[in-house]
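The following pair of complexes shares a single chain, chain A, combined with chain B in the former and chain C in the latter.
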Partner chain A sequence: MVDLAARSAFDGLLLPIGTGQGVTVHEPAGLGVATILAGPDRAAFAARVRDMFAATLSSGSMHIATPAISFLGTSRNVWLAVGAGGSTFAADLARSLAGVGEVADQSGAYGILDLTGPNAMAVLAKGLPIDLDSSAFAEDAVAVSHIEHIGVIVWRIPGGFRLATPRSSAASFWHWLSASAAEYELGVA
Partner chain B sequence: MRIPCPFCGPRDLSEFAYLGDAAPVRPAETSDATAVFDYVYLRANPAGPHRERWYHASGCRLWLTVTRDTRTHEVLFAEEAAP
Partner chain C sequence: MSVGPYRLPTGGAIDRAQALSFRFDGTSLTGFAGDTLASALLANGHRVVGRSFKYHRPRGVLTAGPEEPNALVELRSGARREPNTKATTAELFDGLEAASQNRWPSLRFDIGAAARLAGSAASAGFYYKTFMWPAAFWEKVYEPAIRRAAGLGRASGVEDPDTYEKAFAFCDVLVIGGGPAGLIAALTAGRSGARVILCDEDFVLGGRLNAERTEIDGQPAAIWAAAIATELEALPNVRVMRRTAVVGVYDGGTYAALERVADHLLEPPFGQPRQRFWRIVAKTAVLATGAVERPIVFGGNDKPGVMMAGAVRTYLNRFSVAPGRRVAFFANNDDAWTTAADLRAAGVDLVAVIDSRAEVADHIRAKAGNARVELSAAVADAKGGYGLTSLQIATPKGRIALDADALAVSGGWNPQLGLATHLGGKPQWSERHAAFLLPADLPAGLTVAGAANGMMTTAEALADGAAKGATAADAAGFTAAPAPLPRASDESFAVAPLWQVAASRTKAFVDFQNDVTASDLALSVREGFTSVEHLKRYTTLGMATDQGRTSNVNGLAMLAALTGRGIAETGATRARPPERPVAFGALAGLHRGKHLKPTRLTPSHRWAASEGAVFIEAGPWLRAQWYPRPGEKTWLDSVSREAAAVRSAVGICDVSTLGKIALFGRDVGAFLDRVYCNTFSTLPVGKLRYGLMLREDGFVMDDGTTARLSENEWVMSTTTANAAKVMHHLELARQVLWPQLDVRLASVTEQWAQFAIAGPNARALLERLLGDVSDEVVPYLAARIFDLGGIPARLFRVSFSGERAYEIAVPAQYGDALAHELMWAGEGLGVTPYGTEALGVLRIEKGHVAGNELNGQTTARDLGLGKMMSAKKDYIGRVMAARPALIDPDRPMLAGFRAVDPTKRPRAGAHFLKIGAPETPENDEGYLTSVAFSPALNRWIGLGFIKRGPERVGERIRAYDRMQGGDLELEICAPVFVDPEGTRVHG
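What follows is the complex of A and B.
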């Protein structure tokens, strides 16, 4: 029997290139990730989300943040939920939405990175075909897109951006990020 | 070229996959071989507005019906494809 130990998606990959002066990357620990698909009774789904999370999930590519969970609109009636709770996050969410929506655990499917600093936007501009300027990418915006053919979901956090990207491509994504951010003294926090 | 996805907003061409003409409708199972041949192989080639299916593969993963001018590549309209 093989013993499996929990490892984060970017474990062992994030090596600093510079001082962190222009941009810093950080892999937040202990997050759970899940997809939510609203059931056919949209009114019941909306009411349950209001009762359980005090949130209104409008349909659109928007980030609705509650103290516990970030709900990211990724498609029609589909959200990516990210929050603390690690391995029990998705099961807790599924219990909360039982009967009104479907929840699938994605904690092992995505790696999460926070990119902050004055040059974070300039780094992403090298690979992401999305205008992240505040005039085009609002405070509550979410973009499902790609960087170097690798899927990525992007939203704002204080001082920068949070990225969710497929765990199995973490090494390739890091290769792109470290090369693209080197000129800005990429640091690791 | 950018496509205005009704869910995601205006997005770069690289995020989409092209299927083709939105007009052909699968013939009934009782149709003869000529109707099936037409459905599979025959396409109009208009110079001007053309309704076509695009898949937002790297975005919301919705199928869209896009009206594009084949002479200029101007995208005139994009909507979710009917299920």
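What follows is the complex of A and C.
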């Protein structure tokens, strides 16, 4: 019986620079990630999402959070869904949306990092060309952007921000993060 | 401890309790916290700070700010040595080391100063007129000699140990400059609730207020400025950025700024960069950059001891330093007389006041007290060998001599508008100000306030700053309440232009940093360079690190006089970013060394590293190139072993870098028919097909395979290089060309780790993991999904090597584990990891085209794939591919090549010539694209394009490679070298 062990995108990379008093990074385990593509019958898709997840998705850069899943609007009628469930997350989602939308598993495609602490925004300002002030980047905002030429999707979580970045660039992303957060005593949780 | 012979006993904004030790040219000196290097040097009596660029004349401190043209030093030592640092902006710190530059062997005894004797030979444009012949001398003799003689300091020559970073900021109101106008603009906007960023390049806010003895609201101006700074910093919506110079204005309200984070420290603290380069996006901005005092052009005006009058006040009042023992001043305006009053108040001997004007108001004249005053007079020549000792003054009564060791000069003030012209604005001449004022076409969202706007007095600047701050806040959507203006004096700034003293007999400098003299300007005009742009380029006026802040206006005013035009008609050059010198390090940020660009690692990178892989950059990817084994002496040994193992046993190669696009929808088949030149709508579920994609212009764009996983789900593979391009192409086709089709796309390149398993033992290896993968279950060109320990594994029966081969894909988080499993499953089967080099060898042996052949200049027909172009359907590129030039039978077409001497190695890039034909472009018949040593054939082989290639099999041609010195005879052959019948792929 083959038993393949999963390796997270930032496995072995996250080493603390300091105490974490200014900013802390954490790679949440067991998350599933999937791209949701609404089918041509948008009304049926919206109704199914409402029924299954008690969520009303808008086709904009908005983060709709339900207890189980975060729906992140990444382009017109496309969402990135993030939630618990690991390797079965996408398949479960696909079953829920069968006939009204398509689901592409992206659980291996992204590394997910939570950046929290009083200086989290200051760290992101060193790479993210997005105004994260609450007047410009609301609680339910999501941005598809880049940091140091690496794609990144950003949204808010309590006390900070969650980032999704391509797995293949995790080492380069960590180089940026560790250098940029060093002055704020980057810790690893 | 000496506080310095020129340090005044009291006063100034220095901290006398905090002495700082520093070294200049090896001499230990002492200054105070709050000093600049310039003020500390002056306090210690160091009047000569460096040598000039061209004539190596001794030069001192001219100004007290970033406009300084003379006092450039090498700051720090070793790897941190930084040339051309302005001593006037370098904040003093304990342990600072600085050295004068542009001299040898020492500042006082400089061999290069002999160049002064050859003054006429080094006049403007001398390098355009001399060193013309013999031409062969230019590269080896003349240019090196000029380079040695010129230059401004030395780079360290070793890697910079510090880091630099980039950052972004956003605000409603950006205020550029922290002088009186900037402070009150920021305060007005800040009080309205707007998000405000105030940038000031000094380390103390206040600008000229720190240099003057004026009062605001009944208190010293510097104290008022400090109080405003405190209030600003207490506002949560205001960000004060000291030591930060805005250096560029760009579209969309974007501003570039350089923050000198740790330039004032011996070393940056842990985790901090030396400098940070900001991009600030502002809804509105207030430019409050003040004004810069301009010199007057007279003989010897570059002598150490000659200093701008405003700078004299700065050194007196802010740094508590006397500019000399016997000080004169020479001006053409009322403002400069304040210097006389300040000198007297500081107890410095004021020996004379020389004003070019015939009349000066009594209340202005009173500032000089009992000092000697000469009106309608001018300093004709300043004398002194290593510094000023005396002055020759031209008066209506004749020349008189005067002893002085310092001269304060003021020719009036130039509003600093460089940033306002970065988007093309043209400054307008003002006769009243004798200066250029703001352009009519300001950048959108930018207003100008204070002295930069021609409001030259403190009261005017404060009123203008408050108004512009309110306007900016209002424009950003806030309501700024009018605040009572502080009380401030409204000094007179009356000025009568004086650019040049005609009575001068010695060398008179217009541009100090580039050693441009009045004579150079006259020469330029005589030789026909009469436009400001030509004058600049011919004489180098205003082209140095100070960008002519003290020289430009004088220069073009003199040009106007020389050409008989008005100044407005003569015009001014426009500024462009950066407004201040910016180190390359700051522009690069963290992108240096191996982090120059982001690196993408394959899912099995760690496994490959553990196997000893040698990696190669393939675009952004780092891929395993080959896996050396003990005993192998060259890369070719390793690559040949790997390729041979695939032909004889089984090999494993990570091909995850190939682009992967998921396609969903009812109309994907029809969609693919339109984007590929061959047909896909007939592809059954569970099968895959090779496809060729053309650009609109008919040339080949990309190739790859597409599999149909279910009725409405497909997955396309692209080449590694074109993954993003194909995705964009498909999105354009889907969204713009055929929005009526039900097709939805998702890039899944990152999601899937994919491995090629190739070789006669490939099936046996896979069966240990997946069970039955026989031809009945997984026939050639089949696509199947297996359960691999609970993980969905996609299996594609496809071959790039010509051997029986599969590609297996699992979610990327399992990629590394799968690589280990594949190696385990291959034990006893001869399993061998192979890299991109062996991959290349195998595909060249089979005549498969890849990036070398899909180079954007080839058609399907060129590639030997013309038959794939369907005649039964329309598709992107079909019409243009039929252009006569693209179907010309003489076009180079794909063929195979082998060296007539099998031991010889051809080189990709060689051009084909008929045997005996001269090596001219007209005789070019094509070129070699790919070359490999074939272990199967034990010889070098290649692919390439040659005119009518398929018709010329067996012909010998010459492969000529002038770049790499190759000149070989090759035989044209079929492009498939191994297994031309194609039996092994089923074997």
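Keep this in mind: the second predicted complex is superposed on the first by the 185 of 189 C-alpha atoms of A that agree within 3 Å, B and C clash if a C-alpha of one lies under 4 Å from a C-alpha of the other, contacts with A are read in each partner's own complex, and residues count from 1 in each chain.
Following the convention adopted for this analysis, a residue touches a chain if its C-beta (ideal position, glycine included) is under 8 Å from a C-beta of that chain, and two chains touch if they have at least 3 such contacts.
Please read these numbers as outputs of a predicted model, since none were measured by experiment.
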{"item": "Comparison of chain B and chain C by chain A residues contacted", "value": "C"}
{"item": "Touching partner for A:S134 - first (chain B), second (chain C), both, neither", "value": "neither"}
{"item": "Which of chain B and chain C A:S61 touches, first, second, both or neither", "value": "first"}
{"item": "First (chain B), second (chain C), both or neither touched by A:V144", "value": "first"}
{"item": "Which superposed partner A:T19 touches (first chain B, second chain C, both, neither)", "value": "neither"}
{"item": "Partner chain(s) touched by A:R7 [first = chain B, second = chain C, both, neither]", "value": "second"}
{"item": "Contacts of A:A179 with chain B and chain C, given as first, second, both or neither", "value": "second"}
{"item": "Contact residues common to both interfaces of chain A (with chain B and with chain C)", "value": "78, 129-130"}
{"item": "Chain A residues within the chain C interface of the complex", "value": "1-9, 17-18, 35, 37, 39-40, 78, 87, 102, 104-110, 125-131, 133, 135-136, 148-150, 166-173, 175-176, 179-180, 182-185"}
{"item": "Chain B partner contacts - residues on chain A that touch it in the complex", "value": "60-61, 74-76, 78, 129-130, 143-146, 151"}
{"item": "Chain A contact footprint on chain C (complex, rising order)", "value": "163, 165-170, 195, 269-272, 276, 279, 281, 589-591, 595, 597-603, 621, 662, 664-665, 712-713, 742, 744-746, 748-753, 769, 788-791, 810-818, 821"}
{"item": "Contact set on chain B toward chain A in their complex", "value": "7-9, 11-12, 14-15, 58-62, 80"}
